[in-house]
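What follows is a pair of complexes built around chain A, which joins chain B in one and chain C in the other.
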Partner chain A sequence: MLPRAEIAHWLFAAGFLFFGLVVLAEAIVGPEVFRRRRWRAYLWPSLALTAGIWLWLIAIFSTFSTLHLLAHSLWAQAATAAGAVQLAVIRDRLHSSYWSLVTAGALLVSGSAFLVHEQNGWLFARSAFLHHLIGWTLVISAIFPLGAALLPRRAVWAYGFAITWIAVAVMLFADRDIAPIFGHLSDLAGGGSR
Partner chain B sequence: MNELVTSHAEPAERSRTWRRGFRILAVEALGPITVLGGIVWAFAQPYRVTFFYPEEKGFWDWVVQPPLLVVIVGLLFALVVAPGIVDDLESAERGDAPAG
Partner chain C sequence: MRRILLGAALAALLVPASAAAHATLRDATPREQSRVEAPPSEIVLRYDQAVTATADSIVVLGADGRRHSGTVTQAEGNTVIRAPLHGLVRGEAYTVRWHEISADGHVGNGVFTFGVGVDAPPPTEAVGSSGQTWRDDVARWVLFVSLALVIGVVGIRLLVLPRPVDPRVERRIHLLGTFGAVLAVNAGLVGFVIRCANALQVSGVDLLYSDLSPFAESTRFGIAFLLTTLGYGICLTILAIAWALDLPALRWPAFLLAIALAWGYALSSHQATEPNASLLGEVADWVHLVTAMLWAGGVLTLAIVVWPLAPHMRRAAFLRFSRIAIGLVGILVLAGTVVAIERLPELDDLWDTSYGQTLLVKVGLVFLALSWGGMHHLVVRPRLERGERVHAVRWSLLAESSVAVAVLLAAAVLVNGAPPPVETPAQTAVPATAR
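Up next, the complex of A and B:
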């Protein structure tokens, strides 16, 4: 009854798409207007913490390889840490813009985990291609929270962060367990189950 | 004052009004654009929607249909999140206190 990996990826894609839309709306109207209703201010941290909890569950149930278990655990930790810090920021427990560095670190670690745990080349299969693409996207997008920490008044960081998650959602929606990428599909894709 | 001599406040006010209008339009458009994206995707790749190809599909294929997920996310944002943001943007311009 456990869902296939691609099903879990699409569910996460939906969550990331919603998260991206929420963060994009905050970038458009500014945090002062966006946080006028408290429940809206809590969306960012609660969605990140929820993603963390689901990633822990996947780490528990998706035990087909140690590398996947470690990668999912890393993503779970990164999402939980970023969500917890953002929750403290929203509750006025943390004030410095430098706390945004935690989100930058989470993106960097998450992207690196994607790149490290994908053992195959870009054109091995679609999932391998997307692992590389999402990994590099997350690594490069760490510049947005980094910029928010160093130059917090620039709106461009918030727009970049939001668009990153919408892009990651699109990539995850494109994921299939076994599918070609640009006409390439290794005979070894799927572990010989085809 | 005539049409050649205007106060400095007028262009600034026009610019502020235009910016606010653009922000409202952008926030209100996010949900419908997402819904439209999901619908276009469903027609472009109908095999991603289990309703169109129901043969040999399991429980999760019925629950998770990617284009429909996109439509649901767009609707959720458009109906639950966006209206309050637009209201708050307008009330912030008027200088009203936050609704809480």
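Up next, the complex of A and C:
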């Protein structure tokens, strides 16, 4: 009944890639041009809120370990909160640039949860390597919303985030359950697959 | 640019997890919670990656606690562990407790049951499981309080308060309702994990690597957990959108969904698994829960939203709530009586059993709360109708809310508790030879 893990990864990777490209487009042309069509501004919160619901769905089917159940529910709540805040920013219910600090904190928490949830070493298998990489990418990328909160006029933060996002999508596309990485596959990982 | 950054960061939170972080049990022979017709000669567990097993990584226990499994061996690149079985008989159910050491050094573990010629009992009834503890009661209590916020506060906003209201009132109701949904989903999660831990008999870090799927897939509380977690996740999303877009009407679907989801808690109560459980009892339980949440949430809304933030609305809100409160209390008492009769068929169960004694405590608290509400209805309401100024109403409402929260605690203990056993027709039938 359940799709394989990599199917869910690829589904999310596709969504993230779309999201990253949207963010990049807005960074390149600027918010004024990008939002001449009003609906474009709603793409990001819509994606975040939709993904939140999908993550709830994944969470309740992740009962094969308590850690996975809790991690997915954490991400689902973070996505929902983030989407709602972004929606409120677009609707001018929230005005301060310091709302980006919430995002920075959420990224730190999410990245940390990702690293905690991957207990194997970097070269255990390809998925382990990519999980470490995604976790650290998320943690480090918290600097972008932090910068946006403190120096909101600089465009570098927008470009940084867009590229981060596209990179995360590529990592997810390359993610496999058990496969070699740089020629390495731990004996403890079992037979390589997919 | 700020919005770009914010949106990108938000989306980054959505990265899903993978199954590769830890060895996961793929399947077992006999299967989890299965019924087999002939006693198996061995038990086999297959994992998605290699594990390290010890001699007692699989322990199979009979209902009397006797061990029926031998020394564990490994095969197929250490992804399979197996143990020989002996002494199994048809007509008995068996408990399997397993653990392995994954490559990451953590101890994965789980428990399930299977029956030989009989249906497997739920994993919560596995040999060695403990009953529910105060932790379960606290989790259930927090859950009830959160429902009072989602169903009660949001419901009273929709049913009682006029439109439009003061923006500060609207904001606080949004905050309380959304907080209630967050609390509901997390209290549900924690309650589920705690209940699983009672059967798994592990704690701390080991609990993080426990396999909870047998509980989620084959118990009533597990299925209720899956439905309510997803449902309150959606409810939370709707409330968040209603807040962000400033669309109060959007709270209707969230409110109705929350009411429907409360059915899950009636479904997952201890009573729901008793032989005398009936559809009428479950419906009564659900109605009892929903009306209690509306009443408790309504009093709370008056005390912490209307009174401090909107003095001009006090009179109208109090009078309107007072009108529906009479109906709510009537339904509450009626549904509660139906539930009590089903759970306690004998009157002396009230004082002879711990369940009955807890019910008496709850009834006492309900009586206190209703008396308080009656005082408001008979003393405060007429004075407000005459336009007189009434002092200390807020504190009185807060006190009534506190009693309502205490009632919810008693209700949590009751829901988790086992009602006195009921004799089934099979037990009461007189054998033919004895006639």
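What we mean here is this: the second predicted complex is superposed on the first by the 189 of 194 C-alpha atoms of A that agree within 3 Å, B and C clash if a C-alpha of one lies under 4 Å from a C-alpha of the other, contacts with A are read in each partner's own complex, and residues count from 1 in each chain.
One rule holds for everything that comes next: a residue touches a chain if its C-beta (ideal position, glycine included) is under 8 Å from a C-beta of that chain, and two chains touch if they have at least 3 such contacts.
What you see is a predicted model; the values in this text were computed from it and never measured.
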After lining both complexes up on chain A, report clash or fit for chain B versus chain C. fit
Once both structures sit on top of one another, what is the angle chain B-chain A-chain C taken between CA centres, to the nearest 10 degrees? 140
Have a look at where A:F161 lands relative to chain B and chain C in the superposition and call it first, second, both or neither. second
Which holds for A:L69: it touches chain B only (first), chain C only (second), both, or neither? second
Is A:W44 contacted by the first partner chain B, the second partner chain C, both or neither? second
Under the stated touch criterion, which partner chain does A:I28 make contact with: chain B (first), chain C (second), both, or neither? first
Across chain A, the partner (chain B or chain C) reaching more residues is C
Once superposed, chain B sits from chain C at a minimum Cα distance (Å) of 15
Set of chain A residues, in rising order, touched by both chain B and chain C: 43
Once bound in the complex, which stretches of chain A touch chain B? 1, 3-4, 7, 10-11, 13-14, 17-18, 21-22, 24-25, 28-29, 32-34, 36-38, 40, 43, 173
Contacts from chain A onto chain C in the complex sit at residues 5, 8-9, 12, 15-16, 19-20, 23, 26-27, 31, 41, 43-45, 47-49, 51-53, 55-60, 62-73, 75-91, 93, 97, 99-100, 103-104, 106-107, 110, 114, 117-120, 124-125, 127-128, 131, 134, 138, 141-142, 144-145, 147-149, 152-155, 157-158, 161-162, 164-165, 168, 172, 175, 177-178, 186-191
Flag every residue of chain C that touches chain A in the complex, lowest number first. 1-22, 24-25, 47-50, 77-79, 102-106, 108, 182, 185-186, 189, 193, 196, 207-213, 215-217, 222, 225-226, 229-230, 233-234, 236-237, 240-241, 243-246
In the complex formed with chain A, which residues of chain B make contact? 23, 26-27, 30-31, 34, 59-61, 64, 66, 69-70, 72-74, 76-77, 81-82, 84-85, 88-89, 91-92, 98-100
